[in-house]
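Here's the structure we're looking at; comments come further down.
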């Protein structure tokens, strides 16, 4: 948790085309827990082992993609301070009232240089993970319902101005750079991909340079083990969920992963593994030539759909 | 072990183009144990947990592919009986003298309807798995050398006359049909792929209908677990071994697998899992339409290189 | 599958004290599938991935223990031949009529020198594993219900005359000796434990020398992986199933295992792993001094309850 | 990483009785990397995937146990601030000069209410994990040398005044309480065990109430998976390392673990798993009656040696 008080990715609002199909997909196939619906037609989900009310909000729309991503911060004082710091950095912020999102307090919202709507909030109702807080078992029946990821882990966002994002996240929000991907040598090797952490996870958010602003590459959900990643892949096969790549391992972050698409064409990831990078570490660099193994370490292939398809 | 006394796949002789590169690959990268060299330039290997002298023989050549595959049988009497039975079936056999292959007894050799040279033998020197036979530990240092498969498991061979092969293996050699793949409906759904077992493994040998005789699709090596399959994939990435498909799971046999190519372009497999089919079971059928999930259960894709490349 | 035509452990009838509690335990906690009840109050179960009607029969009784164990053989001709061979060996046999056990054909029954009732049969109705026989997925919802073992694997029986049992199984029934445990040096190192296989499993049945005849050490159920063994242990914890030993690994057979007791005090095992010994292999020996690591390879302890408690 | 700037457990100095035996144990059996020796006879080690120079220092002595544990903090300013805060809390501190420990900067040292010597430091030379920082593979040969833990994870310390420790760690050092164990109801249920985190690990340090001050229950080393925990157990068996408990799973923190003793009788742990508790979470409570499952979730037993043996 960053020294600034930013804790973790808290929630993402995802645009879906067919709400009923999407509910079935996220609840029964991915295996999230539905926790609410609001009067704007949005449906709220959490992963079984998360404690907060919701981490994924589905919003019916004509186009797929991500509406906004929100990170939880330590408390209201932290929220106020970060709001001041973001404004001082030159980015306008607005406050979204408590309750605008069910069970969630005020959100400080601003638009990243990459075009994405980003939020910070301090309050979200705790609903628990279904296990008692006294003498609990290590898991519940929910752990086998669908793919049953344990948490919403991060998202990878595509948009312009990756370097400006990096400045904001590192200097203002207190993230640290864990891994980065360089562009082609002939273009002077700019950083075209950055993996940022506010914790000792390999990334809490990531950005890749892309012409169009505000695009989603994937929302990522954490699985406990590589064996559970395979089980997720089996469930995708059983339900004809179209897979992009995997099972495989990324060189980048060492994650053991499968990427696939939800019914609206939004890409999601189910992954396990990684390592534990702290803020005092040195970032890992992937060159343009080395990146095929960064994407798919065993195969060393640049899978085209993975590189190009976004919502 | 088939009631006829056929025990298991015993050895395969593989043609390789660059002997030194191949030795380095099979010994250090795949992680087999070198057990001998003969005066015909052949190099002999076994998997670390196998007891017999060798299961893979590399033979230097101008063209890649498989020279022959041999199965071990219970004893000399069994060998004699099977020789009689194969001849009675209408297939000519010859005897290859003991010692022609290092540390191996006489081999009864014949050509399958698919064009492949097939052998049966009763004797091969036991060299052990490096562990004591009294109070042994469960593994040795060899278990971490390279990918370190535990045994040569089976091969999949491409050639014509799959049905004639099936007759021979089922009626004469005592195998049972575990799974089968049907051809296109419009072609009348012939059986174009068969997975045969002389044990309770999902297959000890498999054939796919193909115009050219005597072709090798892959030699398969067994890994203990899905985690070790990933480790094998990592080692392939580290050594730039070109991967065909995987990691993934087959619907056919449920195997958890990676396929890749050796330096000569011969395909090999490192796999785990499966199930235990006995001779009293009923075969599983994959239709032409269902086969994409049979090949890659999560992805449900017909990977073209997997379907077409053989040596 | 032994050259004699003996295929695998087929069924075991277990005496239970409280039928309702036992049904709940075997169906909901261990996670077997109930397949029938007969007019003698017996309840029939199979493991989810087994094809035959039943592999465990619970029989209400005043005392726990095993009534009989039955192995499936290839066909009626095999059954007849084995009946002749057992009689020729000097052991009286009787035929139990078809239907005496639900969905099961005639059984040839005889009493082993160790006092145990042993049966062979050729017919049992196939009910399938719940998956289609065309284009099946690799598992079903049943695979997560309770501990969900994939098959009834073997039992370990305690009784006198282990050497006489060994003669019968090796010479008449066609099993091979995979591992053996020696007694104390001062007693002349008799073989006090034997692990016998009619397949390439590490054991299909095992015997340990014991004064009282006809005792059950444990019934064993196979789990797909070490991770699923831990999950079974978690389920035992959740349900307060008393564990004897484990999770751990045996040196003997390398099995990764937990032993625990059912509500009647019958011991059962949930295990994964092992290796693939063929009839042409050489048995592994555990000396009396080495046996602590044979029992519990990491800990090297002779757990007293494991050694002494039987039903 | 706590908002105060405390990052992680950095190093522990352990007293060992036979230095040569201990070096062999920690280097070859546990599988740490030796990184230095100093003129006071101390030997320095790191886990293969750690970046800093050392995390375990062996100090030859007449008695086993722990000399001190040090945590890394963000920078020198953080070190100064924490020094002030600890003093303001009423605990005297001293500065140990840079270089007193090889490759380590100044340490702020103080004695905890439990009697343990505790340190904070900001600088330690980075030696890397043996992998390149550009296009790295996911692991190296070091990952298979011995048990090869990936990091020094935490220690559990026994001593009096657990509540005073809790105040210091929570109010001054910025840790959060993740799990706690209550004492007997008849004694008024005091908190006798506390698991504290300065990150989203289940614990970075833990304390249990005990009469004698300054005692070590165990040093803990992290393994990547449950399969690697079994491998560690196998290595313990091969090397006759005496195991205390395991393999098993704790209810407390859900960790999948084995505990054993080094040649001096210091207990160490090799574990995997857990979950990700953030500072905004609510602690889990284990009652005195519930603690058997907290210790060993499957078995639900209070293993006596685990409870009582300390150095």
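Which chain is which? They are A, B, C and D, in the order written, and residues in each are numbered from 1.
What we mean here is this: a residue touches a chain if its C-beta (ideal position, glycine included) is under 8 Å from a C-beta of that chain, and two chains touch if they have at least 3 such contacts.
Listed by chain with UniProt protein names: A, B, C, D = Metapyrocatechase.
Small disclaimer: the values here were computed from a predicted structure and weren't measured.
Counting C-beta pairs in contact across C-D and across A-D gives the higher total for A-D. Of all residue numbers used where chain A (Metapyrocatechase) meets chain B (Metapyrocatechase), over half belong to both copies. The two sides are thus made of the same residues. Per-chain CA centroids place chain B (Metapyrocatechase) at a distance of 48 Å from chain D (Metapyrocatechase).
Each chain gets a centre from the mean of its Cα atoms; for chain C (Metapyrocatechase) and chain D (Metapyrocatechase), those two points are 43 Å apart. With centres defined as mean CA coordinates, chain D (Metapyrocatechase) is found 31 Å away from chain A (Metapyrocatechase).
In chain B (Metapyrocatechase), the residues that reach two or more other chains under the touch definition are 137-138, 225-227, 234, 237, 249, 251, 293, 297. Residues 1-3, 5, 7-8, 49, 51, 72, 74, 126, 133-138, 150-151, 199-201, 224-226, 249, 251, 254, 273, 275-276, 278-287, 290, 293-294, 297 of chain C (Metapyrocatechase) are the ones touching chain B (Metapyrocatechase) in the complex. On the side of chain A (Metapyrocatechase), the complex with chain B (Metapyrocatechase) involves touching residues 226-227, 230, 233-234, 236-237, 240, 243, 246-249, 251, 256, 258, 293, 297-300. Residue ranges on chain D (Metapyrocatechase) touching chain B (Metapyrocatechase), taken from their complex, read 137-139, 144, 225, 227, 234, 237-238.
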